[in-house]
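Handing you a structure now.
Order of writing sets the labels: A, B and C. Residues in every chain begin at 1.
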Amino acid sequence: MDSITKIKTENLELFYGEVQALKNINLDIKEKEVTALIGPSGCGKSTFLKTINRMNDLIVGCKINGKVIFDDIDIYGQDIDIITLRKKIGMVFQKPNPFKMSIYDNIAYGPRIHGVKKKSSLDEIVEKSLRKAFIWDEVKDRLKTNALSLSGGQQQRLCIARALAVDPEVVLMDEPTSALDPISTLKIEDLISELKKNYTIIIVTHNMQQGARISDRTAFFLSGEVIEYDLTDTIFTNPKNPKTEEYITGRFG
Amino acid sequence: MKKKLDKLAELLFITSAIICVLALLLIMIFIFYKGAPSILETGVFKFLFGVEWQPRAEVFGILPMITASVLVTIGAILIGAPVGVLTATFIVYLAPKRIGNILKTATDVLASIPSVIYGFFGLMIIIPFIDRFLAGGAGGNSILAAIIILSIMILPTVISISESSMREVDISYRDASLALGATKISTIFKVMIPSAFSGIMAAVILGVGRALGEAMAVILVSGNAPFMPDSILAPVRTMSANIALEMGYASGAHQEALFGTGVVLFVFIFIINFIFYIVKHKGGVKN
Amino acid sequence: MKKKFSAICILISVSLLLVGCGSANTSDKTVSVVGSSSVAPLAEYESENFLRVDKAIEVDVQSVGSSSGIKAAIDGTANIGMSSRNLSEEEAKELKEVVIALDGIAVVVNPNNKVKNLTKDELLAIYQGKIRNWKDVGGDDAPIVVISREEGSGTRGAFEEITGLEIEKNDKKYTTVFSRAIITDGNGSVKQNIALKKNGIGYISVGSVDDSVKSVAVDGVLPTEETIKAGEYLISRPFLLLTKGDPTPEAQAFIDFILSDEGQKLVKEHNYITVN
């Protein structure tokens, strides 16, 4: 536990109207590691993930208490520029969702809204991002074709490339492989392990093996609470909480 | 037994479909049958590009009407399309649910108002306004009045169709864009609206059809002068207005010339529908 | 589903049309009266009252315009044709006509307009677009907004014919109303336009004049019952009933009723001028 803390939550609580979806969450997420969030459906994993890039702001009646500290700054504090925050914390969704535009424009979208105009810079970013997402070779000859013509697995890697194009520090992934076939899933897992060198990654997964394979640390969520948070090895081999063990061994929900 | 019923149902569907197509064909044949001879008699060129409309003397030139239809329709689209699309955008992405619902209800009501009421409103409110403040007392029945009324009349079409096409856009596009650090507004204009582009185009094109075909309201506000317009405040007569205005009294060659006007209008509408078809069918994947 | 529904609608409307056509065949006791939209409301009103006199005869009034009415009388599709304009020589040869009322066409302006009188020539020049400012005819310095009726309207036909706005060239009739004039359909619509436009000028049946507009004198004569009956007012027209040869007994009965004191009282109620 000597790595640097990238994100830290303190007594984080979240309400959807009257319903409490997160209870007293205290997590230390380490830089350049993969942190997996596991737990049964509806336990608040996605909700937690979205507190980190403030995507919950969109939801009417959503109230948040406590702190989320990112690089020593409380992102729910005053004077926080959400745009800069989201530029630093990218997100990849469960269902691949490339925009209805060309592959090139999908990747260039983020840099463009953040003010990159020069064609040569954009070209460079596009190629670099696609390479990082291991999809460059597959699409380099058809950058101008519509992104929706790609396969599901390619689309998801494109979405990862799109998130990387704005040069984030953290990448949030909400079940990024659940809509994909096993081969695409493996490709994305490899990609995640590769990205870890440069990015802090938080991934929600329902796939226990996946969690075990790619993550350094794992948090087990249950009914809006973190039941156990530890090194992945520890969680999977020697959980301290019996509920964690129940869940991991599949005797749960 | 069940098979027989199935067969019967199938027969019913096919018959209905045939009746539909037949109705369209019949209308087309009827209009061309009644109108084409008149155009040919006058001469296609003289009919389309003649500027004089003198039914009693059997002089039929409809260039003023064609010009009026085109100008009025373009004007109505230039105002109605952006306002309609922006309203739809507001309803779908920006307005609180309650306000969105109020707006949608308002749109539905707007759609159900008979066109003669629009015309009446134009006659009583818009024309006097133009007369007093813009035309210096020289009338008010004008291209401008027709444009204003028509741009209001096409709003429901534009709003409801662009609204539903915007709703079809995957909401996760919005999340993806926001998560990249885009603002709400740039998300709407750079991702959501472009994704709904083909639907929005369809909405606009249907609006064009509506504006081109409207007669009742236009008659009340446009002034109906068969005159080559020289300003936006000039009175004009559109093709639809020409037909609706004079058909009641017309007989003989005059009546045929009105059908001839109908043929030209039909060709315009047909072209619009053709564009609609193209946009709709290539719209699926837009690059 | 939608398509099927519309197909059903078409079927229904087609069958209604057929039914409609069927009932249009005139039975013995029906008198069909077809033509001028100016005469039709009067004829309709007369027929409602005629019903009280003779229940057995049914009068069916259709407003289709003078020209169509004349045509219907000539080709026998109507028992009686209605016209609000004098017949052409050719038409007159084929038809018998009865004058049931007189209608003057009033030249009307906005009540606030200073102008009280126009000569026939001024009126012509205004409608031909040669005079375009009220100051040239004794009014304020303001543009003249000329309002006319749609092509084919009986009132327009009468107005143009009587004032000489209609000219004949090579056997063809041309209108000289300038093409920039606002065209509107119906007396009511003309009135509305005039009432709303302080610089408007239009023409309507004397019977429809009310406070919303002001009649101007033409060549010094205001359109009144006396001036029209006396033939002093320039722009007036007859309301004609037309038959091909002698009317059927039922048609004759209806015509007689209109010409009776009771019938003429109804004419007066409609603000038209009686003929006795």
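Criterion: a contact is a pair of C-beta atoms (placed from the backbone, for glycine too) under 8 Å apart; a residue touches a chain by one contact, two chains touch by 3 or more.
Not measured: the values here are computed from a predicted model.
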item	value
Chains touching both subunit A and subunit C, listed by label	B
Chain closest to the middle, measuring from C-alpha centroids that were averaged per chain	B
CA centroid of subunit A to CA centroid of subunit C, Å	80
Whole-Å gap separating subunit A and subunit B, where each centre is the average of the chain's CA atoms	48
Interchain centroid distance [CA atoms averaged], subunit B/subunit C, Å	34
List of subunit C residues in touch with subunit B within their complex	3-4, 6-8, 10-11, 37, 64-65, 67-68, 71, 142-143, 145, 150-153, 166, 169, 172-175, 179-185, 189, 192-193, 196-200
Parts of subunit A lying in touch with subunit B, wherever the complex brings them together	53, 55, 58, 82-87, 90-91, 93, 95, 97, 99-102, 109-110, 113-114, 144-146, 148-149, 159, 162-163, 166
Subunit B to subunit A touching residues, read off their complex	170, 172-173, 175-183, 186, 190-191, 194-195, 285-287
Complex interface listing, subunit B residues touching subunit C	12-13, 15-17, 19-20, 23, 52-59, 64, 123-124, 127-128, 131, 136-141, 219-220, 223-227, 234-235, 237, 245-246, 248-251, 254
